[in-house]
Each structure stands twice: as structure tokens, then as C-alpha cells.
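Next up: some structures, all given as C-alpha cells.
Next come two complexes, and both contain subunit A; in the first it sits with subunit B, in the second with subunit C.
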Partner chain A sequence: MQTSMKPNMRSRIGTVGKGFKENKQIYLMILPNVIMFALFSIYPIGWVLKYMFYQYDKINDPIFIGLDNFVRIFTRDPYFWKTVTNTFYYVGGKLLITLPVAFVIAVLLNKKFFGSRLMQSIVFMPTIMSASVMALIFYLILNPYSGALNTAMMKMNLISVPINWLSYYNALDTVIIVGVWGAIGNYMVYFLAGLQSVPEDIYESAELDGIGPVRKMFCITIPMMTPVLKTVVMLVLISSFQDIQSIMVLTEGGPNGASDVMFLYVYRMFFPISATTASTSQFGYGAALSVVCASLIGAVTILYLRATRKVDDMF
Partner chain B sequence: MTKYFSKGIGFILKFVFLGIILLFTIYPVVYAVLGSLKTNMQLVLGDGFLPKTWEFKNYVYAFKKLNFFQYTYNSFVLCIMCTSFALVISSMTGYCMARYDFPLKRILNTLYLALMFVSLGSVTIYPVYMMMNSFGLTNNLLGLALVITGGQATNIFLVRGFVRSIPAELDESAKLDGCSKFGIYWHIMLPLSRPIIAVVGLFAFRGAWNDYITSMVFTIGRKSLQPLTVAVVSLRYSVNAAAEWHIMTAGATIAIIPILIVYVLTNKQFISGLTAGAIKG
Partner chain C sequence: MRKLLSFLCVATMLATCLVGVAVAEEKTKVVVWTAARADYDYMQGVIEEYNETNTSNIEIVYEVYSDNYQQVLELGFDTGNGPDIYYTAGPVFATVSYTGRALSLNDMLTDEQYEFYGGDSNFGNTINMRDGEILSLPYSISTVRLVYNQDIFDRVGIEKVPETFEEVIAAAKLITDELGDEGIYGFAINLKSPGSALGRTLDYMMQATCGLSNGYNFATGRYEFDKVTEIVAFLGQMFTDGSTFPGCDQLDIDPLRTQFAAGRIGMYYSYTGAEYGVYSSQFPTDVNWDFGPLTGNGTRVGLQGADGGKWYSINKDTKVPEAAFEVLTYLESLDVLVGSYEAGLHITMLDSVIENSETPTAIELHPLMAKQDTDSVWPLTPTNLVVEGESYYNVFAGYILGIPGYEDLDALAADLNTRYNAALDKGIADGTVTPIVYPNFDPMNPTGSMN
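The block that comes next holds the complex of A and B.
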């Protein structure tokens, strides 16, 4: 992203500051995008920033109530903070499982062997599939009485009583595993790209010095991968905060809010189709909630960027 | 001796690990495909891995009784529209942003970058839905396709990065030959940036095919507009869902087979596109 800020000398093909006529073709070419960007990216943000100060539902006209929505969030809505805790648990859990597993897979598949390319393609496969449809399949597999997982585990005598994977105590962990299923492929690919960017001659000289594979891993590969690792963690963070599709299909945030995450809660403020909450839309309150969520994510991102800068200084 | 022994152990561990991952990754897909060919009885009882009788009539039922032809058609139309919008818009804008300086450019650039870090989640669907409703664009797939296509910021950055790597001398000589800006885009940039455009197209196709939340909101109360993802998931909420596992798996299979075929044909581009995006983004 750094390069985008520098003026690109080669790109100046005699069109600087010659007025509208000279640039007419350019404006015509970017026009469709500018319109769509304004309508679908800018407009909703403006809408949210306006209505977060309003009491607004489907029936009544919007009423300006100042900061009341925020007062409600911070003082009278413990359920929201529960979903925030759940979200952080989900994001943290997904990160802690996905990163090491994807990293090990990438290291193992980085060496060519028979079937390694095929294996890469298969591990990447979940990322091209619809999270919602696959969540439906997981819902069937995890069903306590007829699901394939419990049936298989009972046949192998691993358990004697069927486990309810989507119960109050298990739901959030189960949802994490389903999230991991969809994420490993992506991060494996990032790690593979990172591994391939480590110059081969470092390993060769290390071998000449008689350094073993474990030290090679910890003293060369992992330090050399920190830039990639930083980006990947950042991507996992931002995308997992917004994972709601599979949770929506799998548990709807239930039972009793056990697997509810913040963006799903916000979603229900707008489209209260689920049975788990009140059945009226609260657009104004939802807008305020979403601003709080976005700020939380922004704060995490900034903290993370700061922390990683410290890590950089250490090396 | 111990060296060979530990190597052997490492070898076994490696393949056990990869085997578990393989099973974990592929099992849900295999379950869906095989389940769609079983009777509901066999599926619910978990009786055997392979279908005992191959029930292709599950698909006949889904297509004939549950209107899956319509949903499949909707999905394809939606995908074709979204992919073409993404291709045209992001290639034109990316090219302009890479090659020319124009008064709006700085502002646009900053906005695109800034908004990539603002995540309001699915909230934005509601105002957009109301807006499209006032335009009269919620009764057809075009409106939904436009919304799914959206601002295209990531794709524009992808194209821009790629166009920058094409030598500018090519444009200059074309310009000397009297080629207009659009002409340069059409005759030179478009053919030369084919690799990245393929990636943009693939991602747009995948995004549209798999979209769930936006499509669901836009087709609430309009079943005939639903794409496959929405239709399949809604089977879960149908009255006799417990007796329709075989139909659910059949529906899910119908929804995953086309994208799987696309993936088998293009998995190299998918994977290389992802890394290109990660490095640039």
C-alpha cells in the first residue's frame, strides 16, 4: 500500500490539469464505479452515522434522541456485551487453531512429493464453497441423534451417549471448528507464498553449518515469515469478526445466546427473523450498535498493529 | 540407526497429520454428495457410508417439486451479471487509477483504502435495500447483482497493481498513433492484463455464487428470485425438515457442484490470485 501514495512518474501521460475536456474519457470510464461506490459503500455509512442518533423502527417515524442509543449500549444492554465476549472468544479460538494448523500444512506441502499439489487443492477447496450451505451440512453431521459424527463415534466406542454438539456448553466451540474448516485453506496458501519467498541459499548455508531441521524452522523459517505472519493474522482478525453466515445457519446464535456474536446481534436488530430475540426491528439502535462494533474492531486492529511493531523491534 | 528410526517416525506423523486434515476437509463434501443419493431412512440412521440404493430420484424431486430449476437459473443469472459487472468496472477503473492523474483520484484512492478498514457488517444491507426499493430494483435480479458487485475496491487495487507492471511505453506509442484513452484500454490493457482479470472474474463468480445474507434479504417474500444458497438453507426451516435430510443434501450438492467444477478447472488461478491479492493488499 505504500507505493500507492507515491506519485507514479510513468503514469503521467500528459493529462495533468488540462480540465474536464481532456479528462472526459477518464471520467466516463470511472463513472460506473464511482456511482456504485457512492451508493453501496458511502451511502450506507452516512445512513448509519445519521440514524445512530435516532429512535427508529418499522412503525413510527424516526425521532432524534441524541446519545440515548449509546447510553443504552453501555449501561442497559448486558446481552450485547455477552455477544462481544463471544465474538472475541470465537476470533481468538479460530486464530489459535487455524494459524498453527495452516502453518504446519504449508510447511509439509512446501516440499514437493507425489500428490502434494492435489493435497493443496483439496485443502483449499472449502474456501470456494458457500459457508451457509456447508453450515447446513455441518448441522446434519453434528445432529445429536442422527448425525454422522455421533453415530461414527458410538460405533467406534469412543462415546456411549450421544453428545449434543450444539448445546449451550458446546455451541461456540463447535462454531469455531466449522469456521476453522472454512479458513485453513486460505491461510495455507498465504503461508505457502511466504515460504516460497524465503531464499533457498539461507537454508543451504545453514546446512553447511550443520544446523538441524528444528533449529532451521525456528531460527530461519519463522523469523523470515514474520511479515507474512503479520498480514495473515490481520486478515484472519478482520474477516473472522464478521463471520456470521455459518453461525446464522448452524445455531442462529443459540441456544440462549451461547454462540451469538456481535454482528449477528446487530443483524437481528434489522431483520428480526430469528425466534431468539424480540420481533421488532430497531434500526436506530442497530446503527449505534454497528458503530460500536466497528470501533471495537478498529481498536483491535490499531492495538495489533502497534504490538506487531514492537515485535519487529525485537528482531 | 536412531537417525533412521526418528526419520521414520517423522514420516509417519507427517502422513497421519495430513490424512486427518484431508479427512476433515473432504468429509462434509463427501457426506453431502453421498447423502443426496441415500434414502432419508438410511441417512438419518447413519447406516453405512455408501448409499444402499442409489436414489437419483432425490434430485428429480428437488428439481420438479421444489422448483430447483428456478433457483439454479437464478444463481447462474446472478453470477453472470455480477462477474461481468466486476470485470468491466474494476478493469476500467483500475486502468485509469494506474495510468492517469485526474483531480478526483487522490480523494477516491483515500476513500477506497479507508473504507476497506471500516467494517459495519451486514447492517449496510438495510439502507441499501430501502434505496434499491425506491429505485424499483428489488423485484428483479439486476438490483441484487448490483448490490453484490458493490464498490469493488479490492479488485480495483488488484488491477491497478497489475497495470502498473505493464510498461508505459506501450501506451505512449499507441497514443502517438492516435489511440484514445479508451482505445488504449480496449486494445492494449485489456488483452495484456488478462491474468489478473481472470482472477477478478473468478472471485466475483465465487462471491456471487456463495452469497447468502444479501441475497436472502433481497428475496424475502419473493421465492421465485432466490438463488440456490438461500433456497437450500431455507429447507432447514421447512415444516418437515426432519424427514427431508436427503433433500437437503441433494439441494446442497446442487449448490456446490457447479462451483466445484469451476474450481477443478481453474484452481491454479484461484490460488495465485489469492496470493497476489494478499501481497498487494
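The block that comes next holds the complex of A and C.
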């Protein structure tokens, strides 16, 4: 049996070698990407998988502690689970607001009218703005002592006392709004592309059958948009789980963890900021946390893909 | 022949120019990182003068960082892109220099220089040395005082600067009750970063009032947060009374200062070494402000801590140690330090500088800027502690802000004691934390009782 495989293997290696010679140019072109991928993705993942079993603060030598980092995560770190809860609240809130708003704006701006292109550009603009700058601007708008929003509301007699939009009770909702504001333009573009791919003749025949605009929306537009919707939901989910920039600048996860999210917590384990949870770098624990966070996102993604299979069957 | 001569002349001139350019480009660059922003204008002049006049062909590249200084610095060290010289004020000496990243200056420092920087009285282990190796040179000393707006005090009739917890609480309430309608509030604290806020209040108050440093008792070698609850309760009371500036929970120190400069805050706590520079150049103000004493309960147990004894360190991995040392001693030379001290940018602990200086206008205007007999450098508490859960800053900030789950102050302090002491014991057991115990430690003589 073994002897019979040898010629096959040899011929396969020969084919690969021949293929390499024939496609040398292609291999050379993808080589930089492969190197970068290995350097900035494979190596860090390997690093994390190693150090998640260590206590390591970059000053002392790493100490192997087996599964203790994971035991700590699951039994001795309630703050992490608070950040997980906040993260899911943030992701859910951002998803529930971003999708309908971006979709409605896309439907409105898909119609040709004077200035529609300009409006599309204006709505898209926050997407190209730095998240940190955006958060600083929102701080100027929302702070309770000189914020533009409170000032305007007080001038309009809507409130008599400034509202602390960034307080313990409001901070998480506020960072969701900031996140939504930054995301709408991006997903509007996806929806616009989807809307423009729906064939006009379907609408025309529906009109001939006397179908109104609301029914057209629910019976034609939304079903035809399902593939785009699936992609957009996936993108919103993954990007929202990783949103930390604007939160870090706007609230630093505070007050007292009210707006803290899991990847910001992981970040602080590597780069302690303002001594809120750790004043010493905890690389090993941070590595273990990032594996748990990645697993949580992986689990959500799998659940989502299974759910969308059912949606595919429905339509 | 004439053509040949002309060609040779031009070639010689070109060669001279090229050599000149090459020589100019061969300057040894010494990169200096700092987080000090208030003295930026002064230091720019100092750096420019050095770069134009020094005969050692050295160029100083001076880079100023903001609130994330320590993080950027550590990242720089980790990636091999750290500076040659770095500023060590605040926690940087403990977290960077003391952990093996600073060059020992013992072999380069002359006896004359050692005496200029204060000799044995200004050098000590954990203050600017480790195991006998000098890691940083002393210059400035900074501590915390109450910063208050005299105009507001005058308007509401406060005649004596409050000194005790009760007096500050009463003054904050009075100001808010009287002037709150105008948007003027009694007290503010920058709790967006609990470490920064309580690092400039609780940490200093607990040294003077409880004899502890960061909750640590040097005599017993244990964390005793239960002893600091009186101070935490004091800060929390002003929030309960509604005497605090709106949005303190999301206030950074610079936005706080801008509001103080606009005359909207009666009192806050900050550093003697920073605020004069802030209100002279960073946020110029017409507000009539001054320093008051650090608040206590009326009974002093220890000297008030002061951040001093260290100023700049040299990166252990610098490729230009000699040039870096020359720059270091220039940045801490008599002329530079006298200029900085006389301009009120920093308060010095060096007698050699004070003796050669006019009394700075800043100290004439704000006498409590100067080092007082009740101020002293304190030794370092244990470093590299890996505490599980929230830091004491975050926990106490939760109580101060009245956040659900943080109501029981005694229970919070007991939990902190348990977690911090467990981390200490574990660190000592696995060799990552060096035990620090001074059985005869006297908070009234912190540097003199480290034995």
C-alpha cells in the first residue's frame, strides 16, 4: 500500500513544484501579504496562546501558572463579567438603532432629488472621522457644565437643570448613541448598494398590480435586501464588539465601569490607564481574557450564522 | 589652465559645503521625553539655546507628552524606541526607573555634582536610588494643597481658608447654596480618572492624617485601608450635599482647571508644582486664587508626602550614554534650574538653587507653594503588585459618587485589605514583589526612619 502511494506523492510534489514555477509571479505578489499576516496575526495569536498560561508583567520573568488565569476569570473577576454585560448591551443597542436608522436613511436618499448626493456625503462623513476626535466633540456637546446640548435644551425651556449625559446611569446609553452616529453612514452605503441592486421592473409590475408603497417595502424591498442585511448585521456585530476608541476617550469606561466594555478591559491589562483596575501590566491575564472574549464573539457569530440559515429557508 | 583652476575651485567649494553639511548632519541626537507641560515655553528656550551653543555637537530633541505619558513611555521601552532621557515625576520613577530601566549614574556623577544635588540628604533608596545605584537626580518637589478662589470666598464671606474636613464641607456647601444659581459651585474633583483624582487628594491626606502611603503601613508591612475611610467619607459628603461641580464623574484635570479659571469653582486640590504655571501660561486667568493647606481632621499623624527627589533618568539602553549624561546635567544645571525656579515653574528641594535665586514672584504671591516643614518625601510602597479586581481608587470613587454597590464603606475597605494583602503575600512568595518593612517607621520622619 505504502509503495503504491509513493509515486502518487512524488507526482503531487512534482505538480506543486511545477505549479510554483508556473505561478511564480502570483506567489511573489501574495508573499508580502503572507509575511504581514504571519507577523501581525499568526505571531500575536501564538504569543497569546502561550502567555495565557503565565503570570507575566514584563518586568519579572514569566511564571507558569497553568489554568489559574482562567479560574480567575470565571470565579474571581466579577468586574470582567460586568464589562461583558455592558458589551452585549452596547452591541445590542447599537445594532437595534443602527440597522433601522441606516436603512430608512438609505431608502430616503436612494430617491433622486435635488441634493440627495450631498445628503449621502454628509451622512457618510462621520465614518471617515477619527473615533477619538468624534468622542472629544461629543464631550464638548454632552458635558453637563458647558455642553451645547444642555445649553440648547435649557434655552428652549425643555429642562431647567443640566442633565449629566455621562453619569453612571446614562453613560452606556450615551456611548451607544455616539457609536450609532459614527456607524450609520457606513451601513447606509451598504444598504444603498443593496437597494440599487433590486431590479426596477419588480417594482413596476407591483405597481401595475396596485400594490402600495408600504407593502412594496415589506414584500419586495426587505426580502430582496436579505443578503445585504445579513452581511450588515454581521459587520455591525463584529465591529461593535471591538469598539473601544470612542469609549476610551469619552468616558474611559467610567464612571466606575458603567460604560466599560470587555476589550477596553483587556486593553487596560496590557496598558494600564488611570489605575482604575490594574496599575501593573498583566500580560498573562490579558492574554487569557482576550481568548475568552474572542470565544464569546465566536459563539455569537456561530449562533448568528445558524439563525440566518433559518432566515434563508424562510425567504 | 584657467578652466582647470576654476574647476578645482568650484570642486573645492562644493566639497567644503558637502563636508559642512555632513558634519552638521552628524550631530548626536539626544531624545528627551517629558510630561511637564506648564514649563513648555521656558524649556523650549533652554533647549534652543543649548542646541545653538553647545560645543559637543549634540542636539536635544525635546518631546512633550500628555496624560498618557507613562503608557507611551512604557510602550517606547517595550519596543526599543524609548527616549535617551525621560521625566520621572509622579509614578514613573517607581514603575519605570526603579524596575531596571534607568542607567546607574554612579560612575558618571562627580563628587562636586553629588554635593550640588544635595548630597546624602537628598539621595536615598526608593527615592532616587535602588540598591545604592543613583537612578535620577533631584530638583523639584511638589505636593498637594487646597486651591481656592479668593474672589468667591470674599463674595460668600469666608474669611479663613478652611483647614479641616468639616470646614471644607461647610465652605463648599455655602458657596453652592449662595452662588449655585450663577453656575458657581463649591468644590470640584477630576473623577474621570479616579487614579488622578484620588492620587492628588486621598493619597496625600492619608500620609498626614493616617500615617499610611497608598494604604500601606511601612511599620507592619500590611495594607490598612480601613484607616482611611474618614477621608473618603469627607470627599463623599460633598457629593451627598450637592456641593460639587456638575459632571465631576467625567471631569479631567485640565477641563476642571479651565472652569476654575473661568471662576466657576470655589475649591479643588492640586499640585504646588503645577498650578502656577497652569494659570500663568496654559489657562491664564484674572481669578484671584491661592493655595491653602492640605485638609485634615485636625490631628497630624505624619508629614505630608511630597513628590520629589527625582527629575530625569537616563534610559539604560541609550546608545549615547555620555551625551545623555551631558544633556541631563545641562537640564539640571544651576542656570537652568535657577531660571525655572525663579519663573515659578517648579519648586525646588535643592538648597544650592535656592541660595542662588531671587525669591520667585510665584512664591511671594502664593507662599504655600514653597516646601514647608510639614512636607517630606516618602519611601516607595511595594511595586509590581498584581491586585485582582478593582483598584482602591476605583472602589473609593464609587463610594464618593454614590454608585450602587459601593455604599458600605467599611465593607469596601475590608475587601480592599483582603485583596491587596493577598496580592502582597502572593507577590512576595513568588518573588515578584520585594517586601518593604521598616519596623521603626515614623510617619513624622519618613525618610529618617527607613530602617
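Rule of thumb we're sticking to: the second predicted complex is superposed on the first by the 284 of 315 C-alpha atoms of A that agree within 3 Å, B and C clash if a C-alpha of one lies under 4 Å from a C-alpha of the other, contacts with A are read in each partner's own complex, and residues count from 1 in each chain.
Assume contacts are C-beta pairs under 8 Å (C-beta built on N, C-alpha and C of every residue); 3 or more make two chains touch, one makes a residue touch a chain.
Note that the structure is a prediction, hence the values are computed from the model and not measured.
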First, second, both or neither for A:R72, with subunit B first and subunit C second: second
First, second, both or neither for A:Y168, with subunit B first and subunit C second: second
Which superposed partner A:Q120 touches (first subunit B, second subunit C, both, neither): first
Touched partner set for A:F271, first subunit B, second subunit C, both or neither: both
First, second, both or neither for A:E252, with subunit B first and subunit C second: second
Partner chain in contact with A:Q282 - subunit B first, subunit C second, else both or neither: second
First (subunit B), second (subunit C), both or neither touched by A:I59: second
Overlap of the subunit B and subunit C footprints on subunit A, listed as residue numbers: 139, 146, 271, 273
In the complex with subunit A, residue positions of subunit C that touch it: 68, 71, 74-75, 78, 91, 95, 99-100, 183, 191-196, 199, 245-247, 249-250, 255, 259, 264, 383-391, 393-394, 397-398, 401, 403-404, 406, 430-432
Partner subunit C, residues of subunit A touching it in the complex: 55, 57-60, 63, 72, 76-79, 139, 143-146, 162, 164, 166-168, 171, 251-252, 254-258, 271-282, 285
Complex interface listing, subunit A residues touching subunit B: 1, 4, 7-8, 10-13, 15-17, 23, 25-30, 32-34, 36-37, 39-45, 47-48, 101, 104-105, 108-109, 119-126, 128-141, 146-148, 151-152, 181, 184-186, 189-190, 192-193, 231-232, 235, 238, 241-242, 244-245, 248-249, 263, 266-267, 270-271, 273, 283, 286-287, 290-291, 293-294, 297-298, 301
Sites on subunit B touched by subunit A in the complex: 14, 17-18, 21-22, 24-29, 31-32, 35, 43-46, 88-90, 92-93, 95-104, 108-109, 111-113, 115, 117-128, 131, 146-147, 149-153, 156-157, 160, 164, 168, 171-172, 175, 180-182, 185, 206, 209-210, 212-213, 217, 220, 228-229, 232-233, 235-236, 245, 248-249, 252, 255-256, 259-260, 262-263, 267, 270-271, 274-275, 278-279, 281
